[in-house]
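You will see two complexes here that share subunit A, one where it goes with subunit B and one where it goes with subunit C.
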Partner chain A sequence: MKRIYVHEEYCIGCRLCEIHCLVQHSRSKKILKAFKEEFPRAVSRVLVEEHGYLSFALQCRHCEEAPCLEACITGAMYRDKRTDAVLCNEKKCVGCWMCIMVCPFGVIKRDLESNKVASKCDLCLGEEMPVCVQNCPNEALTFEERTET
Partner chain B sequence: MAYALYPSEFRIERDQDRCIACQVCVRQCANDGHIYDSEDDFVSSDESRCVGCHRCGTLCPTGAITIRENPMHFKTNANWTARALRDIYKQAETGGVLLTGMGCDRSYPIYFDRILLNASQVTNPSIDPLREPMELRTFLGSKPDRIELDPSGKGIRLSTNLAPQLVLETPILFSAMSYGSISYNACWALARAAKVEGTFYNTGEGGLHRDFYPYGENTIVQVASGRFGVHADYLDVAAAIEIKIGQGAKPGIGGHLPGEKVSEQISQTRMIPVGTDALSPAPHHDIYSIEDLRQLIFALKEATRYSKPVGVKIAAVHNVAPIASGIVRAGADMVAIDGLRGGTGAAPITIRDNVGIPIELAIAAVDSRLREEGIRHRASIIAAGGFRNSADVTKAIALGADAVYIGTAALVAMGCHLCQKCYTGKCNWGIATQDPYLTKRLNPKIAERRLGNLLRGWSLEIKEMLGGMGINAIESLRGNREHLRGVGLTEAELKILGIKSAGEAW
Partner chain C sequence: MNYTIIGNSAAAVGAVEAIRRYDRKGEIVVVSREPYSVYSRPLISHLLAGHIQENRIFYREKDFYKRNRIQTFLRREVKAIQAKSHLLLLDDGERLGFEKLLIATGGCPIIPPVKGINRRGVFTFTTWDDAKEIRRYVRKKPVESAVVIGGGLIGLKAMEALMALGLRITVIELMDRILSATFDKKASEMIERQLKAKGANLITENTVEEILGSHNGIEEVLLKDGRRLKCQMVIFGIGVVPNIGLLKDTPIRSNKGIRVNIHMETNISSIYAAGDVVEIPDILLDTVRPIAIWPNAYRQGWIAGCNMAGTPRRYEGSFAMNSIEICGIPTISVGMAEAPENGFEIIQELDSKSGTYKKIILKDGVIVGAIFIGEIDRAGIYTGLIREKIDVSGVKDILLREDFGFISLPREYRKHLVRGEGVFL
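Right, the complex of A and B next:
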């Protein structure tokens, strides 16, 4: 499947990916509205991890063997048949946070502000390219099909 | 601490209706010009720290930031300009030499803007480069006095031994910029772009990192007064060698890479201890005459078994023509001339802005002198210093240059905004810095792409201009000053440039 790949050597830690992710998952999808008018504010599904000068943007890896799928008690977490992405049906999610407990990458967040559900990367399905990749000024994120070795 | 007596150079205007306090500007400013207050979720600015590099404004996702020149102006005075006052205030504060980066930014005449190109009309046909072949291939190196042919065997054979040549697909090379003055990623991008586009880049005097040896065929290595990183492999791996005597931004001045920039990698490349200042003396301590220069040229030729061209780079100074003549007679295969507007990573402002002559006059003077002396063919002329576009390149070649070096234009293609703060080592664009937080801002893949685009774009434009003149090879334009006309130039300037005034015909 097409995945988001991280090139940490070129991540500049600007966090524009987080900002655009938040906008993409806001109600209006407009940057000024998302930040200035929508409360509670939408949550970014990507997080830039930093340690010294090393930084990288981390979002759901859409694992082939995804522990969150196994752990979900309501079946909210599911695999999209068309794209193989791991998605969360927020209507089914009851906020038990088991997915968060089992996620080896720590990329599922509690969206306590708005929906009280598990919030995770949905690869911006419907967009040509995830917005974090589109808006990375240094091409530190790429969206590509690779044959895994 | 005492007050600075001068106002900040820039104003940072933040449109609060647009600012979303996302802090991209805070994270991107290496000078701490933006400050986030988490208590109020509010971003403010410290304008005294702004260098006008536009990094914040370029990355701001809502376009909330505008950087303006500070409108607070000193009382108008034609002699005591704001710049003069500011420099005095700074000097009175620090007591040191005022430093700067990049090329001279004063308003000396730019002759390229006073020279116009010709085009064909009626009596000679113009050529469409999109339909007909157009040759930009350029050979740099010494050409023979005459060519002898041997018709005895099957067909005709060339019996003259030709001197080694550099083959360029476009008459544009990347200027000398050392690893140290610019980042590893910037060097890497230049090397890759040179390889892809069939041209050359120049290591500057900082040695050549072993990672870049695979690009050796597209590398000109420099031997400068500090002799940093010069060893057998360095000379062997390169396509050509350049002896650096001077630099347009600071003729007569040596170089100084501060110890804090001499990292492990740079120390190995330059062959000096980590953290020590890399001092390039003003003169080569073994060159005090043309005869001494000849010794070094031939020492390098011997060392590389006469397999590659050896050039000499000088700054364009008052007596550039006779100096270039001496260099050619000393055996150089290429003479690089760096004009008044040539860039640098660090130079005293007063030197950069007051020493040297414009490159346009230098090219014409050197080309004329070498022709008069009948030795023009013995060396190629590479012009450098402030080439901004393809028209400047075309005019330089018509004035007599064989090719041009671009440094500043290449940096701008990679992202440089000419804030002239290279010497601080805090380049927000990740170019002129060794700080690992900043160097990763330059993705060499993007930079390589942009450099390639620039070269290809300029090459297409040069072809268009050549076609318009009815010429189908850059060789036919070289030194062809009949294709140039001057506007608003004095008799003396026209004479030195060797061109007619606009309106003057055959």
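Right, the complex of A and C next:
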């Protein structure tokens, strides 16, 4: 499958990925509206981690054998047939947070402001290129199909 | 190939999905005592409370059986397993032959010897039918107050659901605090305080000796210390034990639960077992025991399914973990809740103002337990460190700091994780 790859050596910690992710998952998909008019505000599904000179953006890895899929008690977490992405059906999720308990990357968030369901990277639901990758000024994020070894 | 599965919950679904990944043609048969299409047992408390509608209790889409070409025998019970001749005997006398068998019969509720348990108004709380019967009873009878026996996860979920229905609840717990198997003293105290504030009545170090009433229903319970409590309903919510009654008169070996090897196969070849019915290695406690939690059940079913379909996979064991919201407070507990002896190091942080509590237990630089109350974000990072037994001595001082994250971890671990099957960074 096509995945987001993270190149920590190029990341400058600008957090543009977070901003664009939030906008993409807002109702209007407009940056000013998303920040100034929409409440509760959308949540970014990518997280920039920083420590000294090192930084990188981290989002769901869409694991092949995903612990969150196995731990989900409702069946809300599912594998999208078309893109192979791990997605969350927010209508089914009851917010039990089993997924948060088992994700070793810590990339599933509680969406407390809206309906308290887990919010995670959805690869922008099949967009040609996820917006975090599209808007990364330094190519620290890439979206590729690799033959995995 | 024929694959037959006894059971219809997480382990069974894990097995079906694994089998279908490797074998599109083989015949899959599912036998279940319950009449329902695969549903989520942990959701019965949400259903009883009215937080979700019935259509949301289903664990997989309606076409799950059709899409996976499964022949179902629902509302049918297996009466005997004839291991040598590879036959199942059903309750109506029908015989089913199998080539590979998975026993995924789950757990059954613990019911201690209490006088009067056959009275009307006594319930267990593990199945959809339990939830339906409770709801029917509450509606039909004037039930004002109920006694829940057991202050663990099942008991408290039952309590919450019944409180949502407007009942007055008393929880009776044998130990000196609720959630003693899941939390440490501090965490239990925090939840106890919240429960009391919501109006629940908690009685610890006590138990019900007799359920009293007439043919019409329950009137009161008699406690060990002689106290009597008026109530119209009693719920057993103590927990579950492996449902191994079916193994009687079979050569399949069991102890507390069914014993399985690293491929989830029993001592009889071609017969596998997975889920709450088995005992597995606890990689933290160095013992073999049942750890009845949903993620384990699915994983074990998946591993069993792979092996049944001819793709060897190993199951390395697990450890206790739970995520549960009580009184609107999210909590996660992973591994040990309390350091059992000297030689353990404890890092903790309590913020009484915001009601958050975090604790990490270390042994020789490796995390062996973690508790999160009120604030659970990124808890899975710690679960990962426990599972992989990563030495965190180098980052010990920042383990509970707000900016602790994936970036704080040893580079090798980051690389190892992201190099896992299909996982890349």
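We adopt the following convention: the second predicted complex is superposed on the first by the 148 of 149 C-alpha atoms of A that agree within 3 Å, B and C clash if a C-alpha of one lies under 4 Å from a C-alpha of the other, contacts with A are read in each partner's own complex, and residues count from 1 in each chain.
Keep this in mind: a contact is a pair of C-beta atoms (placed from the backbone, for glycine too) under 8 Å apart; a residue touches a chain by one contact, two chains touch by 3 or more.
Quick caveat: nothing in here was measured; it's all calculated off a predicted structure.
**Q** Tell me which partner touches more residues of subunit A in the superposed arrangement, subunit B or subunit C.
**A** Touching more of subunit A: C.
**Q** Report for A:Glu9: first if it touches subunit B alone, second if subunit C alone, otherwise both or neither.
**A** first
**Q** Look at A:Ile100 in the shared chain and tell me whether it touches subunit B only, subunit C only, both, or neither; answer first, second, both or neither.
**A** Second partner only.
**Q** A:Thr74 contacts which: subunit B (first), subunit C (second), both, neither?
**A** The answer is second: A:Thr74 touches subunit C but not subunit B.
**Q** Using the touch definition from the top, say if A:Leu32 reaches subunit B (first), subunit C (second), both or neither.
**A** After superposing on A, A:Leu32 lies in contact with subunit B but is clear of subunit C.
**Q** Taking the superposition on A as described, I'd like to know which of subunit B and subunit C A:Leu58 touches: first, second, both or neither.
**A** Once the two structures are laid over each other on A, A:Leu58 reaches subunit C alone.
**Q** For A:Ala140, decide between first (touching subunit B), second (touching subunit C), both and neither.
**A** Only subunit B is touched by A:Ala140; subunit C is not.
**Q** Output check: A:Glu49 vs subunit B and subunit C. Expected answer is one of first, second, both, neither. What do you get?
**A** A:Glu49: touches subunit C, not subunit B.
**Q** Share the list of subunit A residues that count as touching for subunit B in one structure and for subunit C in the other.
**A** The answer is that subunit A has no such residue.
**Q** Going by the contact rule set out above, which residues of subunit A touch subunit B in the complex?
**A** Contacts found on subunit A: 7, 9-16, 19-20, 31-32, 35-36, 53, 135, 137-140.
**Q** Considering the complex alone, what residue numbers of subunit C touch subunit A?
**A** For this pair, the touching residues of subunit C are 14, 40, 42-43, 46, 51-52, 56, 58-60, 294-295, 298-299, 302, 321-325, 330, 332, 334, 376-381, 383-384, 387, 403, 405-408, 417-418, 420-425.
**Q** Considering the complex alone, what residue numbers of subunit B touch subunit A?
**A** Residues 17-18, 20-24, 27-28, 59, 61-62, 430, 436-437, 440-441, 443, 445-446 of subunit B touch subunit A in their complex.
**Q** Residue numbers of subunit A touching subunit C in their complex, please.
**A** Within the complex, subunit A touches subunit C at residues 3, 5-6, 8, 47, 49-51, 54-56, 58, 61-65, 67, 70-71, 73-75, 91-92, 94-106, 108-110, 146, 148.
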